[in-house]
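Right after this note come the structures.
Both of the next two complexes hold subunit A, though its partner changes from subunit B to subunit C.
The block that comes next holds the complex of A and B.
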């Protein structure tokens, strides 16, 4: 029986010989220049033991994560590879990222609307609710596909893509095979006379199926699990509307305690914008939508889909690292609203340069569900009402920020956040352990930028978090000096001054210094980093406490 | 036309790639050996068809971790840690972890003048404190009786390490547990079928059976609450008794071959003070010499 790699090679050759020969593509490509691009990224840390913040002792003392991408293109052809090195992986990353190698390599070509990729690739259908293969390096997440992808653009607004492959699992591949097809129709291009229609409509549908052998002696598991979705994007003048509904057939897994209940999800987003004003309202219903190519996996491993988060991704340190929210794939109903507007410049309320105001609010609830006692029969587990928030609130965030340029040298941004996180769901841990209940927090931020003289700028951040629960009150101060375009130095101190446990009233000082030159950036940092969660788009990674020297190098060419 | 035909074919192949399972147990032999209906924990001619007899069975194919949390009703820092631990096991580690709360040492002492009058201590809990000393530093946690009691800040990391190490997917022992409980006589029996999935050499195995009670509403010190002496705190998974010696009853000794199967039964009683609806049986198999636990399982005394 042919192995997967051999099959890939044969299919690649088949595609190439057929398509290239018939179209004489080689002759055309020979005229195009060869371009080589790439980038390099090294994150390393020398660890010091720090029992005060519960930073663990690292046997190796020094750990690195290194990545290098090289991409070569020549006309319609493109090939690339990524080298990764974890000697050993930084703390907080899965230790199965171990050693060095080329986990990502691909070859692709375009020919008259046909695009073929063999090897590794990333892909997303619609919002990603059924399929999103992507890399988020800082999360240690890479569920790249390894297989074949074919895209075809019919040229009349109809586009189809299909793929088959297995997903990356550290330096190996997952057990399951993913098969998927997606079709999209731009109705304004596909229907005669609609081209100049003010209403722009795009519809799409996809089907994703995974195969994994049933090796469970005590349950009959579905080896093929199918899921399908439909989506629409509509735009009319300043309005736009996006929606996607997905349905997943029975998919017992470790995530759902091996229940056979089908999953479903609905995502809706509507927005309106005009000069100086914009509003966006979003809502989603997620029910049993964890979808992995290996039913026994956990964390961020071998996820086929991505469930978009409906919470603001904060950037200020306290809000971003203490109480971020992770999407709950087993079930949640969530809502979010954003309003952005600008107060007119040269008015008493807008100031000389105008003022930008952003208001955001998000809410997430558990499902309105009822348990079913069928563990020994049909194993449906529970029933849930569609789009009906349950009694348990998971997360709430109301925040407002104002940005105003005061004069040619001063720029100010102020922000207030009011948050509630249900820690029985989000499960934040810290030096105090983990608080078992709802955490309410008020956070205020003042961010001031002062341009001292041309090329010289000083930025200061003052942050405060007040909470009666968990670790109590925090304060953070950041000072950053930039000498453009090459140098920067910054210090930050986080202080848990309100911790009810006196010994945990700890300072977390951290300093960083860096040099930038074109595509190169080198920075050194030293100090304490508190334990917390790092989240991107509702997907999170636990970051352990650490103390030591960090060295970061990035370069692109 | 060919293009559209191609799409149709691919779509058909895709749509057919889905298995709908109506009966998750179709063709699968139900576990557990036949019920002995002639005697039942010393009661002769026991009628297993009595209405107040309930059956509950479970099978563990994954490796479950037994988490024993040292706590006490005077431990004001314990409640949030306990809630966090239970939440993690119920949500994140669903079906992979079993929690038992050990009330022992100073934090479990009675202070009648302040209303701490319920004695949650048990001989088994006291033995466990005597061996591992976790009660003095509550909240603290031992996992599979294989570590010195860990403080709460370490719990997440320890549990996450288990996940990362592949612990849950590497069972060395498979349990099939059946519980039979009779409400009239408040007596139950646990039948175990155990299959060793790996070979062992010169290992002395013990089996432990504990009774725990969930949702006991009683007084608890809770720092951060106002007042901090909470009257009706929800105590979770408290050990009520052990139906075997604390570190388990002798089971099989010596060399074990892979796929070797062994069975055993244990009887227990539920006292009038406990709510049988909230009681569970925790069963584990461990090493007699170092006391470490290989596999654990939990089944409710009464089926829901």
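The block that comes next holds the complex of A and C.
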């Protein structure tokens, strides 16, 4: 946790800059107004006991997560801090988020292309395959760096970034040190005469290294682990192509059962689009690419890199929270195709206002690998063929959605998907425990919006999930009434009507209403919430079933 | 810790007392075509600007921007407003943003904020979240979330800004 002397020091430096006039940058800054902005977010729940849904008993009865960010800027100078409070953390969050404090604070300045940040910062190199420090507050994920970052923009399309730091670990810092450097060249800006070239080229490369002491009694572990990657983005007219390849030196860890095999990853993405039509095809190969600043850690803790799932991020509840897929960092080969197009308005097929159609499909497989029995010698563990899907399918999804405005008062959206998740890999535990095998499901959604008056709207969602495995069939109904721009009220019922275990055929009714004004939003909810996975960007948090009253407040200022 | 709260309170009160203006923070992003773009370049010749944070996985966000797309031509003709749609899609979905935007035929200026740097500087908690910028390049209004019909009130404010009137 931040020593408050450190924070005072940072703040003092910041406020001192107001009175410094000796250098140009300070003179310019002196003229700029001081601005203070930030936000506030509070999530709290009063828990009721509910043995029917197997809701865990909460000794405190009431739990709360809250934070506030404050950022002060004066011209080129900026300083900020975040206060966080977990008294105690909501169910589903790691209980090591306990108590209150300032786990995030920084000071930064810009001076003629040079940008320096001391304290905490978030950073991403390329697609993040080797380095991404970021926050998903709703997931309880925050691997912010604490250290120093320097960026320099040469102004001719060449940019470099370098950083050193340790990562956040709840209210403390991780064991390992991360050192990293990244360079990027926009060739059209850097090479004279290329500015108006139809072919646009951007190349980048980075090197990331971590240091962690070896105190393993049985193995000689590498204390320094290096990783490097190269990337390219090429565009020509309506086409674009992006790729990144990364290689990681041997990095024995809890994730890979301490094998010394190097890791590698490749991501490729190609797109074509024109007005009214867009297509994207992506593929990736991930082999032993878990990369953490502490080799003993698991879950979402102390990850240095980001390996998102190559699957659609669904929004309808049954499609999003029951069987989502997260990347298997130890190894997978995955593909995705995504098509978006618009049927013209005022045609027989497009209707009066036109129709939007989205088609998406994704496939993820295990590696095409062969085990090596070398635990006591070379400890490579296995060998895998590059970019070759193995015989084990992990996940597949094909889905289509249509959106059409029928007339001035009615709009409809319909979605159908067919999916399979291999639960031997993903290990979701439902009310029946963890189902050991492949779960197949069909999901259908109808979403109808009825505009009663210009600012009054009623929206209804009907969702169904059919499956012969795991928890069986589900139905969900949502009714939402909104009165723009301030009020909303909604009721939702989820019903596991097809559960083979009769006592688990449970209704999960939940009601919510709230008020929005400018940057403020307050909402109250009451009822049952089913157990599920809450995911952002392919990273998930397991939310246990609960029953009770929730209060949420957000404010931006 | 008490000292800190005191400092913060004092600073906040002086700032609010002296009348708050808010400039668009300067953050390095990329535009939808992959060109580097600094947010201080969000300009519109003294006409109003709407900055809207959205994501491809956010239904209300897409509903809002699709609804505005239906009347955007009219808005531009009448007020000269420009919409900057800032996608907070991360590396998972960022490659799908351009095919989506072209596929549904939006005419907005689209920026990619893949690690939420601009979002953090503007204190955005959830998407959608929009900001209105006046002729002097100052943020004068914000609104979080989207409900059907919100664009009606939003447009009233844009018209006022176009006429040089004060809103909020």
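In this section, the second predicted complex is superposed on the first by the 534 of 557 C-alpha atoms of A that agree within 3 Å, B and C clash if a C-alpha of one lies under 4 Å from a C-alpha of the other, contacts with A are read in each partner's own complex, and residues count from 1 in each chain.
Please note the rule applied: contacts are C-beta pairs under 8 Å (C-beta built on N, C-alpha and C of every residue); 3 or more make two chains touch, one makes a residue touch a chain.
Keep in mind that this is a model prediction, so the values were computed, not measured.
Of the two partner chains, neither subunit B nor subunit C is touched by A:385.
In the superposed pair of complexes, A:95 makes contact with subunit B only, with no contact to subunit C.
By the touch criterion defined above, A:425 lies against subunit B but remains apart from subunit C after alignment on the C-alpha atoms of chain A. When the shared chain is aligned, subunit B comes close enough to touch A:211, but subunit C does not.
Applying the stated contact rule after C-alpha superposition, one finds that A:520 touches subunit C and leaves subunit B untouched. Of the two partner chains placed around the shared chain by superposition, neither subunit B nor subunit C is touched by A:507.
Once the two complexes are overlaid on the shared chain, A:298 sits against subunit B while remaining clear of subunit C. In the overlay built on the shared chain, the residue A:105 is in contact with neither subunit B nor subunit C. Touching more residues of subunit A than its counterpart among subunit B and subunit C is C. Within the superposed three-chain model, A:257 lies in touch with subunit B and out of touch with subunit C [touch as defined at top].
In the superposition on chain A, no subunit A position is in contact with subunit B in one complex as well as with subunit C in the other.
For subunit A in complex with subunit C, the touching residues are 4, 7-8, 11, 33-39, 41, 69-73, 78, 110, 122-124, 127-128, 132, 134-135, 153, 159, 186, 200, 202, 233, 235, 240, 242, 269, 271-280, 282, 306, 308-310, 313-315, 338-342, 353, 356, 358, 403, 449, 451, 454-457, 459, 482-485, 488, 516, 518-521, 537-538, 554, 556-557. Residues 3, 7, 10-11, 13-15, 17-28, 31, 57, 59, 61, 77, 79-88, 91-92, 94-96, 139, 151-157, 160, 163-164, 169, 223-224, 304 of subunit B are the ones that touch subunit A when the two sit in their complex. On the side of subunit C, the complex with subunit A involves touching residues 1, 3-4, 7-8, 11-12, 15, 20-23, 25-26, 28, 33-36, 56-59, 66, 70, 90-93, 95-96, 98-105, 114-117, 120-126, 129, 141-145, 147-150, 152-153, 168.
Taken together, the subunit A residues at the contact with subunit B in this complex read 54, 56, 94-96, 152, 154, 160, 162, 179-181, 183, 207, 209, 211, 216-226, 228, 249-250, 252, 254, 257-258, 260, 296, 298-299, 373, 376-379, 423-425, 427, 429-437, 468-469, 500-501, 542, 544.
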